[in-house]
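Labels run A, B, C and D following the written order; every chain starts at residue 1.
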Amino acid sequence: MNWAWFHRLASPPHIYRLAQQLTPWFAWPAAALILTALYGGLVLAPPDYQQGDGFRIIYMHAPAAWMSLMVYTTMAVAAAVALIWRMKVAHAVAASCAPIGASFTFAALVTGSLWGEPMWGTWWEWDPRLTSELILLFLYLGYMGLRGAIDDPQRADRTSAVLAVVGIVNVPIIHYSVTWWNSLHQAPSVMRLGKPQLSMPMLWPLLLMLLGFTLFFVAVLLVRLRGEILVRERSASWIREVVGT
Amino acid sequence: MPREGLEVENLHLWRGERHVLRGIGFALPRGGCLHVAGPNGSGKTSLLRTVCGLLYPESGRLLWDGRDVHQDLPAFHSTLIYIGHEAPLKADLSARENLRYWVGMRRRIGRGTLEATLQRVGAAAWSERPARTLSAGQRRRIALAALSLLWVPLWLLDEPTTNLDTEGQQLVGTLIEEHIARGGLVLAATHHELPLRRQVQRLELMHG
Amino acid sequence: MKEFLDMGGYAAFLWPSYAVTLGVAILNVVWARRSLARATASARRRLAAGGADS
Amino acid sequence: MDDPRTPALPAAAAPALSGATTPHDAASVLDAALLVLERDLTLALRRRGQLVQPLAFFAIVTTLFPLAISPELARLREVAAGVLWVAALLASLLALEFLFRDDAYDGTLEQYALSGQPLTGLMFAKTAAHWLLTGLPLALMAPLAALSLGAPPGSVPGIVASVAVGTVALSLIGSIGAALTLGIRRSGVLLALLTLPLALPVLIFGARASELAIHGESYLAPLELLAALAVLGITLAPLASAAAVRISLE
């Protein structure tokens, strides 16, 4: 099989320029979708019959939680690709993901807690989803800590890539075990951080929001990716072109 | 047409920001010895570690008997022994135990062979002492014993004569010469001269 | 308008959660741009220092 | 070459020198793995002090709880399983720092990586040695700690079984963390940060199994889950730690 096209496609200068060109194509639609979804979620959607207007936190909590997992998955897939094919660009993708994912995991925890207070009456409940989210934050912190502790950039890339892959194998196991544990100890009276019954006018802003945040992630990733590629690239010829001396 | 032995083509290696190896190339046929020379920090150790597959080069090729070694590293590894600055010895094990564990992982060795080799490198007298109590030169001699016990074709030696007395250095020379004579390959990195009776190929590395 | 801001009594929980999430989003844009700028600057410095390398 | 002090090698030691074919006396993976295991056990027995440290730590931590909570056995019994498992987790974490450190320092890992033997198998042997030296003793000590926390004698088999199986998984997960943090100075806290989240399922299932055993109920379900984790760890963890070790040598 001829891999030449693949290598050309994945070559740092090509990816760099592609990232530069594609960024606005993700950034502006992301902004438009998120603004539309905000209007839909805050104004058009009717209050929930049980949770009243409080349910509207879902328009922030769900995208943040979605980002936390999707970004981790992206990071782990990129890390695996980078390890297997020794692709520098894939390492750059993985490295770009971590801070984005960690920050949204943090947001998911805060919004979950803010949602929990009116629903449960406490700021923190050992709800399985919040607990998993907390562990995910620890996984991100471990990844970033490991990366930061290794001086040699290539070794930092490859070591943290192994951790990302190990982590993604563990994420479903952790989630399962936490759910299992919770089902043993959960007092039945406490309401779960559940999805309210969403009618159509409540649902579409949520879907737009999820799509908007996904595009937003890609846009931010593309910007970060360019920086990470520059850091890893030593061939002067094309760098001079793009950074302009 | 595949050639026998080791071929290195246009090797480039980066360590972080440093461009350590800049287009290194050489061919080492069966029965050949290459003396890698150069000042400290010129990349001698990096070259040896790249050749044995511990470091992955940025570009360039490494061929063993005409095949790219990175396609089957374990197979390539079973044809070589690499000895770094320090002999990999456990302080709490005796010289003999160290040798048995080190070599035994790769080759079943009989007691007689082990004793004869210890005798030959002049280690018989202190082979029961824990490695902790051995001098640097004695530790080197254990490494020499491993070298002759393993019986693999490709020797990668980093500063093989360091810490050895005159007699020990002669032993290194003799071992290398015997190895070449039976068709082995030796890649020795040292800024000293190799204690050999004849001239060998030389690769001079410059400051990186 | 006041009614909208009050959010049926959930304002104290709802608005902070919007602020945190959207704030994180905006911070991400800032961080990303800053990290790109830093990488570009360091690439320039590297080129200026030892540009002959290929 | 005719130096009298360097007699030629005996003929038996001189098979044909060949790189392409495997010599008839090449050691198999199993030979190599058993030697690694034997070597680690021998070394540990020569350094008994290091061996006892995690166990002493475990004993001290489990002693702290009655002092911190209450001497009432009835109250302690409620938390006994949790105390036991958190202490076991921390004790096995403590022992992890030694898993690869000396081998990395003296060049042994390098020789493992260059031995031509699958590094995965050698890592598995090292992890097995680690379990024999920490996990197994912990499992044997756990019932004593449990009894002192008010667990009934009938719970002993369940506690031994759950700690024994659980520490297999802990050793395997820990070996990944230890391999990833190789070459990092003062890696202790980072090692904990990497390992503890991954070890969470072991803690959950293990503590549940011990709790059920203490209450005299069937602990089979969580024990099976623990065993599943251990099997998964046996298949995947040595791969990951071998990869991490190779990277650490770069």
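Just so it is clear, a contact is a pair of C-beta atoms (placed from the backbone, for glycine too) under 8 Å apart; a residue touches a chain by one contact, two chains touch by 3 or more.
Here the structure is a predicted model, which is why all the values come from computation and not from measurement.
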Identity of the chain that, by mean CA position, is farthest from chain D: C
Chain pair showing more contacts of the two, A-C and A-D: A-C
Chain whose Cα mean lies nearest the overall Cα mean: D
Whole-Å gap separating chain A and chain C, where each centre is the average of the chain's CA atoms: 14
Inter-chain centre distance, chain B versus chain C - centres from mean C-alpha coordinates, in Å: 52
Mean-CA-position distance for chain D and chain C (Å): 42
Centre distance in Å when chain A and chain D are each reduced to the mean of their C-alpha atoms: 33
Multi-chain contact residues (two or more partners), chain C: 53
Interface hub residues of chain B, defined as touching at least two other chains: 19, 56
Set of chain A residues in contact with two or more other chains: 152, 154, 234
Those chain pairs that satisfy the touch definition: A-B, A-C, A-D, B-D
Residue numbers on chain B that touch chain A, as the complex places them: 14-16, 19, 56
Touch list for chain D against partner chain B, complex: 1, 3, 5-10, 12-15, 17-20, 22-23, 25-27, 31-32, 35-36, 38-39, 42-43, 46-47, 102, 106-108, 110-118, 122, 249-250
Touching residues on chain C, where the partner in the complex is chain A: 4, 7-10, 13-14, 16-18, 20-22, 24-25, 27-29, 31-33, 35-40, 42-44, 47-48, 51, 53-54
Of all residues in chain A, those that touch chain D in their complex: 83, 135, 138-139, 141-142, 145-146, 149-150, 152, 154-155, 158-159, 162-163, 165-167, 169-170, 173-174, 176-178, 180-181, 184
Residues of chain D that touch chain A when the two form their complex: 176, 180-181, 183-184, 187, 190, 193-194, 196-198, 200-201, 204-205, 208, 225, 229, 232, 236, 240, 243-244, 247-248, 250
